[in-house]
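What follows is a set of structures for review.
Presented sequentially are two complexes of chain A, the first with chain B as partner and the second with chain C.
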Partner chain A sequence: MSHVFLLGSSVALFLLGALTSFALARNPRLCGWIAVVFVTVAAVPLCGVVGETFRTGGQPEVILLHLSSLGASWAIAVDPLSAFFLVIAVVVGVLSTVFSVDYMIRLEKDSVAKFYPVLLVFFSSIVGVLVTSDFLFFLVFWELMTLTSFLLVTFERESSTSQRAGRKYFIVTHAATLCMVAGALIVWQISGSFHFAAMRDALGTLLDTQPVSGHLVIFLFVLGFATKAGVLPMGDWLPDAHPVAPSGMSALLSGVLVKLGIYGLLRVFCSFVPVSASLQAWGVVVALAGVGSLFIGTLAALMQTDSKRLMAFHTIGQIGYVCLGLGVGLYCLADNPALAALGLMGALFHVANHACFKACLFLGAGSVLYRTGERDMNKLGGLGTSMPLTAASSTIASMSIAGVPPFNGFASKWLILATCLLVGMSAPLFLALAIVGLFISLVTLASFLKVLGAVFLGQADENSDVREVPWTMALPQVVLAALCILLGVFPQVFLWFAHAALAGVSQVGLPPIDLLLGGSWGLTLAVSGIQVGFWAPSAIVVALFLSGSLAYGIQRAAGARVRHVPVWTGGEEHAAGTVRYPASSFYLPFKEAFRGIYPTVRLRVPAFPASLRKALDLDRWLYMPLARTVEQAARGLGRTHLGIPQVYLLWIVVGAMVVMGILLLTV
Partner chain B sequence: MSNGALSVLGLCAVNVLLALLLAPLYEGILRKLRAVIHSRQGPPLTQSYLDLLKLLGKEDLRTSPGALYAFAPALTLASVLVLATLVPMGTAPPLGFAGDIIVIVYVAAVSAVLAILTAFASQSPYAFVGGSREMMLLLAVEPVVVVTLIVGAVNAGTLATGDIVTWHTANGPTISMVVASVALFLALQAQAGKLPFDIPEADQEIMGGPLVELSGARLALLRWALWAKQLVFAFLLVEIFVPWPSTGTYYIDLTLALAKVLLVLILVAVVDAVNPRLRVEQAMRYYARVAFVSLSALAFAVIGM
Partner chain C sequence: MLTTALVLILILPAMGALLAAALPGRPARWVATSSAAAATALALWCVIAVYPGVHRSSLGSLPWLGEQAGRGILGVLLDPLSSVLLLVVAVIGLLTVVYSLPYVSETNRGHSAGPRDQSRYYFWLLFFVASMLGVATAPNFLQLFICWELTTLCSWALISYYRGETSLRAGFKALVMTHVGGVFFLLVLLILFVETRSFEFDAIAGLAPPRKGLVFFFLMVAAWAKAAQVPFHTWLPDAMEAPTPVSAYLHAAAMVKAGVYLMARSVSSGWAMPQGLAILLGAMAVVTMYLALSYYFRQDDLKRLLAYSTIAHLGYVLLGVALGAVGSTTGFRGGVLHIVCHGFGKATLFLCAGAIVYVTGSRSISALGGLARSMPLTATAFFVGILAVTGVPPFACFWSKFMLLAGALELPGPIGPGLLALLLGETLIAFGWLLYIAQKVFLGAPSPAARVPSDPPLAMRATLVVLILGCVVAPAIGIPLVEPLGR
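Coming up: the complex of A and B.
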């Protein structure tokens, strides 16, 4: 079966699912299950396309529609890079939809008719974005994706914060899209076509003949995609939009939507910009932007007490790591393809890892919200015993995001930071960036220890009736947590796919993966034949297991008795949950040192001119006076109705006399 | 099984056993030394072993039914033992093929994380205060450790711990390595949890912080982990930054390293004995300055000195 047929059938299934779920929106649970079934079935042909793409190294391009007057054609091409992101979208998409079935029932104020159908259209637009190789149609799908995600973010219509955040998201991302349109138009003037290949050639000539406008085009594209990816300062929409969206959607925002910004950046830099000194400069720019947002984003996250807002800030931080890897890769692409490949692979691997652990964390925060109705971590505590599955998955995901070995976040951070250090030996700037990266990963750890300590550990409230979430909500979290462990312990498998994805798009031939990451035990970085970096998760896991057994053996050696006792609080008796260390108290002196790192800029909106407001106010000068006149007339008429039968009879007699008089006079 | 694999396993066992069995002895020596400085008689050298043995048999009082609270102390010790296999002791690290300096930094952080999670899982507000302080101290100290190890990496041109040691043995002391070794030594004080940086435990204020709700075997394991950690970090310091004299014979090198570790730990103990406890923000300010020292070492390394 051709890949176009498979893609078409999956998109058709998404749209059919959208219609069906819209028709059945009366019953939220049924509607949710319909969406799950359609998403899962539609994922099957997508997986087929992905498998075929990795097997053959890319599918031929097929043109579905040709607009010759514009020089645009709807071309469908699936290369390994698209396939890589399709896998992420499929996994996070299916799991988030399953999670939403029960979650959305809680939000009873708003009908699911504006959730599932929009969600399914959103999925189909993501597929469209990933497989289109013509910029005009790419932008069409991109815009569809932005609009649908806007509708999903602003799902809770009665919450003003959600509407405000949605408005911000709408304005910021559309400004970004506008940048991309402008950039595309500049290139189109030369190429006369929106096709990726034609745009690449045009950009190459533009960079040679008019470097200023060439770099302007790249800047506009970077601005556009980096905004979506959440790189600061343009990523400011992210901490507002994530917390207010329904939790399944927050997971999708962080797990998939933000990643598409990275996909765009990779496309621009790997296949648009020719490999040259200017690419090296852009590499430095991307790396600096990445480090800026990982530093500011993560430190800002440390200050948060709203669980979902905290995680949104961490998304900014983790995207910073991705950009650091991307930047260091681009920096080396011309001179040292081996290191470049390592940096880019690290970035791609971190994209996938971030999708796993951040989706898991958002679903965990959503589960806590579902059971307690609370996002404020100061008011939570001790949920670990009542929600064991959620607590365990969130703990694993927290360890992953903090880069604790042997979970997946460590493997990708290790690859990115090791590459930075190796590049830094000849370009010291990257040493500094790597040190910031290492420090910030510790801040991430601090931040997630706070989450675990404040939400899941500590003392529970007395008589709290919090239970574990239903299995439909627990299962996606458990699956994602398992993925975090699998990707962490067997990174080689996944890095093979990342390498294939990059080899498909890179203009420079990348060294084969065996030369880059050889070693039978795990990952061994080799630069020009010398092994310089090592990470073998399997060996470490075995060592940890053996020494853990030894330590536990020592613990139980004497077979001492275990007795459960209440917490000692200085001899005074307190009700459970009243003596608690709130989230805002963690790390106070440290937070004090970095206060104001994320300033909130309040833009003063210019006042609407009063005269214009008066002129536009139809109520004031048309409707209200009219209504008043009618009312007065009616009241005047009303006075004639006195309610006395004799008076009415009198009116009738008088009326009859008048009519007869008129008749007599006219005849 | 091949010879190579056997020697790796053997060396792993040696490193683990060294960290496990010698850590209480070194701590005993330090306690004796502190007592002497304080003009006290002090406990016998074997006192730490006796403490551990006694604690292992004591009743285990638990304030929380959670699995994390039950297993995390054992995992803390386990992570320190894994760290021991990644650190050179007399020869190249046995699991050097499995982890470079970045892995060392992160595995070291894991042991701290597990200790903090144990504290949080115990539900005691004192433990929360202690855990929060421990994390802040880690945030202050870890950059110093990171930068000093990177100084070695930049000098040797590799991230592999064993190769850095080989390079330093062959190429003699350089300005950058000397400055970095001073910075790492200053960081050791906090890594070992000694005064003036025993802020997380702070017995007089928060009654042992993370340890307040631990008893019996699990308290023994956490204590043991802390002692083993100070030994392993001392090994890291002397092997990477003071690798001479190196004979190439494993037993002699190991003995020399043990002697150097003792010297370093004695210095740590002297500092511990004559200093009062700092507040956590003072400690962070102090380590921020030390971090600048280590950055100057890095600057020297970058220009090749």
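Coming up: the complex of A and C.
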């Protein structure tokens, strides 16, 4: 079956599911299950397309619609890069939908009629974004995706914070899209077409003939995609939008939507911008932007006490790592394709990893919210015993995001930072960036130790009736946590896909993966045949397991007893909630040192000076006086009508004399 | 056959108007609906039958006007440009009439209307539709002028429909200001007749340079006054005193669109507009956009806010026409396409505002809030409307604005990128503010004024559903229609 048929049937299923779930929205649970069924079934043809794409290395392009007046045509093409992101979207999409079935029932104030149908349209727009190879239609799907995600973020209709956050999100990302519209049109001026290939050629010409315009175009594209990706400062929408969205949607925002910004950046840099010195410069810019946002984003995360807001800041931070990998890869693309491939693969692998652990973390935070109704970590504690599955998967995901071996976050961060260090031999800037990255990795760990400590450890409140979440909510978290381990232990398998995805779009021939990451049971970094690094997670896993069981055995053999005593001070016993170590008390000196790192700016409605307003009010000084003048003149004329026949006769005689006079004078 | 159909398109609503005036209450409503529906069906058929060609036929002549001018002085013309206006006028006209069935009745909470008022209302509304259809199908400037002045008359009567002090004042203001524009149009007719002995659209290209500039300038003034552009923009916000369906029609399809149509028609007849004037037209359009935008932030009346948005969007259309006059075909097509796209988007918004007035009796933004709970359909329609009007893809105005922007970049030099930046800036600010207003009115906690039982009656809901669909499919119909345009 052709890929267009498969893609079409999958989108048709999404839309059909949207209609069906809209019709059945009176029963939230049924509606949720309908959505799950349709998403799962629609995922099957998508998986078929993905498998076929990786097997053949790309699907031929098919044109569905042609707009001759603009030179735009809706072209469908699936290459391995699209397929790579499709996989992420499918996995996170299906799991988040399953999670939402029970979760959404809790939000009883709002009808699910504005959740599942919109969610399914959101999925179809993501498919559209990933398979379209014409920029005009790409933008249409892109903005449809923004629109649907805005509707999902502002699901809670009557909460003013969620409306405000959603509005900010929509306006900021719409501005970004308008930037891309401008960039695309400037290129269109030369190419006369919006097709990706035509735009690439035109951008190449533009960079040669008018470098300023060419760089402006690249800047506009980067601005557009980086805003969606959450790179600071444009990514400021992220910490507001994530906490207010329903948790399934937060997972999708961080897991999929933000990643599509990276997809866009990869498209722009790998297939639009010709490999040249300017690409190298843009590599440095992207890396610097990435390091900036990972530094500020992660440190700002350290100060948060709202669990979902904290994770949103970490998304900014982790996207910073991705951008660092991307930047270093682009920097090397011209001179050293091997190092470039390593950096880009690291970035792409981190995209997949981040999708797994961040989705898992958001679902975990959502589960806690579902059971306790709290996002404020100061008011939580001791949930580890009552919610063991959630606690375990969140712990695994936290270790992954902090880059603790042998989890997946370590593998990708190692790849990115190792590349930075290797490049740093010749360009010391990247050495410095790598050191910042390493430091921030520690901050990430600290931040998530805080989350784990404050939410899951400590003593539970007395009489708390918190239980584990239903299986529909636990299962997605467990699957994602398992993926974190799998990707961490067998990175070479997944890196093969990342390599295939990059090889499909890169304009420079990348070295085959065997030369880059030789070795079947681990990663052996090799640049120009020289081995420069080695990472064997399976060996570490075995060692960890052995030492862990040894420690456990010693503890059991020693038979040490644990003594439980109630907490008391001043001769009085206290409730667990009042004596727990709260989240806001962690790392106080650090918070003090970096207090102003994330300033907030308040926007106001522009106030026009009253004088300008008066000057522009034409009615006041032009039309009304004019009307009054006319009226007065008319009244003045009216006064001549006295109603006396003799006066009228006099006028006639005078008039006749004047006419006669004129005639006599002129003739 | 086609000629008969086109004449019927004009006659049917006019007959409907007379009948509606004669019949009281309920029969008037049925006559109005059926004549509008018949005219719309015929209009659709004609457009499909003629596309992409041109149909022109003459029906009568006035020999005393001279051999050349008098021949074919009455007739019908249907080409792609007039098809665009014809479709918008007919379809939105029908929707307005259907929407008015419950709106102009005793059940309206804001303004109830008795049977005699209803007859009067439908008479003027259908007469308005008929004269707008006449504008769309006019084959020469004279006939266009007659229909043009008829629309002025109808809008005067409809704006003053409630006969209150402010309505009468607003109606009079609209009449005077647009009629001043009409006087300039009349001057154009005189110059044209004296110089060329003809009223044909093409005659304008044959004028000698100094006269030609004058003629185009007068046409521009006429169009500015009719389309409420700076400096004649002040009548349109006051015209909000009209019943809301009338405002919707006035803004989306009729009256103001006649102004931009006149400009598009005269520019595209021979493409003879002097460059300097074209640049003036474009510059004034941009000024209008930003001036209208600056009024957004102070409005508390929902309908006045929408009125300023209309002013800005007519600026877009005129900018497209100006781009066409300086040589950008894509820009011209974008401008004409904007007539359709904006028509559907703005009609949706006004009819939503009307639904709010109908149910709550209020149109003050600060008094409203949280309406989405009781009026989900209206809320959906309003959101679709603002997205369509501000040009968020995939909704209507995205396509027309995109074509306009592409057209701007067809110009050489720095003008194109400069216009691009200005238009995108306007788009973003308008989008942000309208989104804010929509959230304020429909979302959040319900305000006391918003505690109402439900969405408006069936006829109004059906209209809104059709318009929501229209906001999505309008470009699919409009783009093929504008493709034959251009030199």
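By definition in this document, the second predicted complex is superposed on the first by the 589 of 667 C-alpha atoms of A that agree within 3 Å, B and C clash if a C-alpha of one lies under 4 Å from a C-alpha of the other, contacts with A are read in each partner's own complex, and residues count from 1 in each chain.
In the analysis below, a contact is a pair of C-beta atoms (placed from the backbone, for glycine too) under 8 Å apart; a residue touches a chain by one contact, two chains touch by 3 or more.
Everything numeric in this text was worked out from a predicted model, so none of it was measured.
In the overlay built on the shared chain, the residue A:W188 is in contact with chain C alone; chain B does not reach it.
In the superposition on chain A, contact of A:L431 is made with chain B only, not with chain C. By the document's definition of touching, neither partner reaches A:A277: not chain B, not chain C.
Once chain A of one complex is fitted onto chain A of the other, the partner contacts of A:R167 are limited to chain C, with no touch recorded for chain B. Using the contact criterion defined above for the overlaid structures, shared-chain residue A:A539 touches chain B, although it does not reach chain C. When the two complexes are overlaid on their common chain A, residue A:L665 makes contact with neither chain B nor chain C.
Chain A has more of its residues touched by B than by the other of chain B and chain C. Of the two partner chains placed by the overlay, neither chain B nor chain C lies in contact with A:V212. Residues 12, 16, 56-66, 68, 71, 73-75, 77-79, 81-82, 85, 95-100, 102-103, 105-107, 109-110, 113, 116-117, 120-125, 128-129, 131-132, 135-136, 138-139, 142-143, 146-147, 150, 153-154, 157-160, 163, 212-213, 216-218, 220-221, 280-281, 284, 298, 302 of chain B are the ones that touch chain A when the two sit in their complex. On the side of chain A, the complex with chain C involves touching residues 67-70, 136, 139-140, 142-144, 147, 154, 157-158, 160, 163, 166-167, 170-171, 174-175, 178, 181-182, 185-186, 188-189, 605-606, 608, 616, 618-619, 622-623, 627. Of all residues in chain A, those touching chain B in their complex are 382, 384-385, 395, 399, 402-405, 410, 414, 417-418, 421-422, 424-425, 428, 431, 434-435, 438-439, 442-443, 445-446, 449, 452-453, 457-459, 519, 521-522, 524-525, 530-536, 539-540, 543-544, 547-548, 550-552, 554-558, 560-569, 579-581, 585-587, 589-590, 592-593. Touching chain A in their complex are the following residues of chain C: 176-177, 231, 233-234, 291, 294, 297, 330, 333, 370, 372-373, 387, 392-394, 398, 402-403, 405-406, 409-410, 416-417, 420-421, 424, 427-428, 431-432, 435-436, 439, 443-446, 479, 482-483.
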